[in-house]
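In the two complexes below, chain A is the common chain; its partner is chain B in one and chain C in the other.
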Partner chain A sequence: MAKITFDGIEVEVEDGTTILQAARKIGGNVVPPAMCFYTPLKGSGGKCRVCLVKVSQGSAKDPRPMPKLVASCITPVQDGMVVENTTNEDVLNARKSIVEMLLINHPLDCPICDQAGECSLQDLSYEHGVSATRYEEERRSFNKVDLGPYIQLHMTRCILCYRCVYTADQITPERVHGVLGRGDAAEIGTYIENVVANDFSGNVIDVCPVGALTDKTWRFKNRVWFTKPLDAHRDCPTCSGKVTLWARGETVLRVTARKDQYNEVEEFICNTCRFDKKEVSDWTIEGPRHIERSSVISANHYELPVINVPIVPNLPVSTKKNLPQE
Partner chain B sequence: MGLKILTEHINVPGIETLEVYRKHGGYKSVEKALKTMTPDEVVEEVKTSGLRGRGGAGFPTGMKWSFLAKPEGVPRYLVCNADESEPGTFKDRWFMEKNPHALVEGMITSSYALGAHTSYIYIRGELLFILRILEKAIAEAYAAGLLGKNILGSGYDLDLHVAPGGGAYICGEETALLESLEGKRGNPRNKPPFPAVKGLFASPTVVNNVETIASVPWIVNNTGAEYAKVGIGRSTGTKLISASGNINKPGVYEIELGVPVEEFIYSDEYCGGIWKGKQLKAVVPGGSSVPILPANLILKTATGEDRLMSYESLSDGGFVTGSMLGSGAFIVFDEDQCIVRNTWNYARFYHHESCGQCSPCREGTGWMEKVLHRIEYGHGHQQDIDLLVSVAKQIEGNTICPLGDAAAWPVAAAIRHFRDEFEWHIKHPQEATAPGAVYRGQLATIEA
Partner chain C sequence: MEPLSNRSKKVAQKDMTFTERMYLPAVVQGLTITLKHFFKKKATIQYPEQTRERSSVWRGLHVLKRDEQGAERCTACGLCAVACPAEAITMTAGERKKGEEGLYREEKYAVTYEVNMLRCIFCGLCEEACPKAAIFLQDDKIAPARFERDEFIYGKDRLVEPLKTTETK
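On to the complex of A and B.
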């Protein structure tokens, strides 16, 4: 076991745990954001650099601080480590810089993007970004790539987190796509036109933090914050069958895996569940899905009576009373 | 003439053949090391020699070797980094082309010291003709029993392979090199684990530059203490310098570390002065990624001492008034060279060579290039200079590998020392974009 101090909070974790996982054990606002790291995927992380933190004391044995900011998602903890995240100005400035970098070539087409409302980049830029840009050049754009009947690749929105590459490597039996090219011309692609088609290929949509990979059976059907997330399951021969249905009225618009507060899937699901079972009668509904983190979805929460929903967090009590009663 | 450790016999006709190479004392170190020394003794010699990595970072080689993890039953590897791609650097290419056996000999002795039984020379893809030269040399060494099973009857086995890359600058970064050598996309790995613990094929690995490895035979033959006597202070030994730019005699020079920069530029033994007797404007002393220094700061340090060709002296004053020895690519600019254009050219290189794995480098290098392009072609705004400084700062230190730093340093340094020139480009776009136009105001300040 290793004891570390994260933003002044002490936490004890197993040896070999990463700083990010230790911070998640504490939870709340001190947790560094993560765009490329994905717990279920081995080898992911270290690429987007938004989780940079300052290690002001390396360990109890060697108390020297680490010279550079380190990526918390891949740096293992050491006993006696002292880490600064939200308490260190350098870290916050670095994070702001990274968000700026991620956004300079992002099309910012949120109004027509299916991921809007559950997009990690959107959340991140609200929290750490600046409203104006200093970038005046033309933004990078790519041609659309056809990946088959289910998955739409919109490369222009991609932040090259490599999650879909790791997913294809580790979850599906074959990988036909990868990263081509170099630098800011790097892109996800199949090189020779190819269909990403196997029983678990749909999971690349779930792991994508932005709107680069979207579900063709759901594209442009609705905005995510108008839909109701429901936990449901079915007896599936290939996967666990535990999913979240995104329904509007009696219509199931979309099926995804269940994601936790860090947008990480609990169990990967198969393509049959995801793309073919779009009737309420296909599923046993368990109840509403609790959505904790993702921005606007929780603003429309129906688990609680509307009166208690903190739409504006610091709303005075008197105004709250004037809200329409359900 | 200073002592020549690497280039003593380099101009002997036929030195690329085993026969001539042996006639001039070749492969003596292999015999000495394998027959009379233990591997640890070789490592000790290298440690005493104070030899430092010649690829750019200047990390003590002996220390690097002693960090190598030695778990039981796991193979260890020595990899020679011959992916020389830094703009301005051409010493390894020249050395391998002229004297391939010196590298092979170094590889055998160093592999023995590290207990590696398979070693690789990772060579840049553009240098395929040198790959053939090396393969020929290796075949000769195999035939003479210097490679393969039971080398010279000592019971030590070694296989040496040459592997070409695709010509990517990023594959000169040691972990990207290992990825590429494993047959994967050349993306740098996250560290830790370091290659000394988990490198090639997840085994402990040492990656060394060509020049570093080629220096080992001399150290074994003449002892590390002798080597430590050459050079100055902690910069021991000799270094190959790739001198280029506006000088009378561009080329590769072997210098004893500690030669004054002024002597190196102006003496006939080395660069032979500035081309056509023009005035010196600036020098990039260690390859495109190290900070550029204006003439006054390259000849003298900020404290007024003579600047020497050594690791310490060149970095005297930090990045404010100093630079780095780097890989020893000495690029000289005369009064007619435009620093803005040159900086843009470097930025273009890093933009093209960024692997695209981590966001600050992927996006930032392109951004800097575009802004510099704008300034160079007369479309810059006054705030662009501060924007460049800020973007460079945002990249520096936040990336997976040092390519981000290497891209940020030259831009930051050019603005630090030549801000006037950037401002002139922005304020007088028409003059600045006229053919052959160069800002000359800086020279007045240098002379003063």
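On to the complex of A and C.
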């Protein structure tokens, strides 16, 4: 076990845990953001650099600070480590610069993008970025790559986090797409026109932190904040069948895997669940999905009422009212 | 009975004098007031022939603007609808096809766009939310009174700015 101090909060974690995971154990506002790191995917992380933190004391045995900011998602903790994230101005400035870097080639097409409202880069730039760009040159542009009838690729929006590559490697039986080219010519593609189609290929949509990979069956159907997220499940022979439905009225507009507060998929789902089951009757609805109040999706979004909130403590039983049961 | 305060007045019915019983001075007095009003500035205007001048920040009927090339600016991003406190705006989006580049500015456009003028409170939040400078509340037009409720639901046919022809330029 290793004891570390993160932003002045002490936490004890197992040896070999990364700083980011230790921070997530604390939770709240001190957790560094992550664009490329994805807990269920082995080997992910260390690419986007938004999770940079300052290690002001390496360990109890060697208390020298680490010379440079380190990526918290791939740096394991050591006993007695002191880490600064939100308390260090260098870290915040570095993060601001990195957001600016990520946005250099990112098009300003949030009004068109289907990811808007649940996009990690949107949240990140809102929290850490500046509202104006200093970049005057032409942004990157690409030839359109067709990935088949289900997945839409917008290469201009890609931040090259490699999450989809790891997903295809680890979740699906074969990988047909990858990162081609080097440096600023790097792009996601299939090299020779190839359809990304196997039972679990749709998961690349869920792991994409931006709108580079989106669901073609959901393309321009609606904005995510006008839909109602519902937890639902079905008996699926290939996957767990536990999903979130994004419905409007009686129509299911989109099916995604359930994601936790760090936008990480809880259980990967198969393409049949994702693309083919678009009827409410295909699913057993469990109830509304909890959406953070800070998210735009929570606008006009209601959840099951909490019965008898104890506003006045120790209220006599006779004054309590039972809500009518449906 | 003892009065509660000393502000109460004694009411007495006095007999009218002779001039008062004639009523003529009172009639003349009343007519002068009426006559005076003939020469005063009128409080009303002859609407709809005349219209009152509005403030430059007046928020009237919505318009969906076109850009310099005449293409519609709206991309159906839904920010106006989510900003709308009265939930008066609804829209459906569609994908621009090849050859429609002159009609719609972006890849996505609003196939339908409806504003319910009965729900709208003309607060201008849609105008503020719009990232594409597409929707504006005009200062010279208002939603006129109508007989049917469904006539107040303004679709794209009535909201989109008419194409500028060479004559009006």
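Please note the rule applied: the second predicted complex is superposed on the first by the 298 of 326 C-alpha atoms of A that agree within 3 Å, B and C clash if a C-alpha of one lies under 4 Å from a C-alpha of the other, contacts with A are read in each partner's own complex, and residues count from 1 in each chain.
Here, a contact is a pair of C-beta atoms (placed from the backbone, for glycine too) under 8 Å apart; a residue touches a chain by one contact, two chains touch by 3 or more.
Bear in mind that the values here come from a model prediction, so they are computed numbers and not experimental data.
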By the touch definition at the top of the document, which applies to A:Gly16: first (chain B), second (chain C), both, or neither? neither
TODO: Return first, second, both or neither, reflecting whether A:Leu160 touches chain B, chain C, both chains, or no partner chain.
DONE: first
- Query: Does the superposition put A:Arg223 against chain B (first), chain C (second), both, or neither?
  - Reply: second
Between chain B and chain C, more residues of chain A are touched by B
- Message: For A:Ile104, using the defined touch cut-off, is the partner it touches chain B, chain C, both, or neither? Pick first, second, both or neither.
- Response: first
Of the two partner chains, chain B (first) and chain C (second), which one does A:Ile112 touch, if any: first, second, both, or neither? second
Would you sort A:Gly249 into first (chain B), second (chain C), both or neither based on which partner it touches?
neither
The intersection of the chain A residues contacting chain B with those contacting chain C is none
Per the touch rule above, chain C residues touching chain A in the complex are 75-79, 81-82, 87, 93-95, 106-108, 131-132
Given the complex, residues on chain B that touch chain A span 168, 170, 185, 190, 192, 351-360, 362-367, 370, 387, 394, 397-400
In the complex, the residues of chain A that touch chain B are 45-50, 52, 68-69, 71, 74-76, 94, 97-98, 100-102, 104-105, 134-135, 137, 140, 159-160, 162, 178-179, 181-186
Within the complex, chain C is touched by chain A residues 109-112, 116, 219-223, 225-226, 296, 299-300
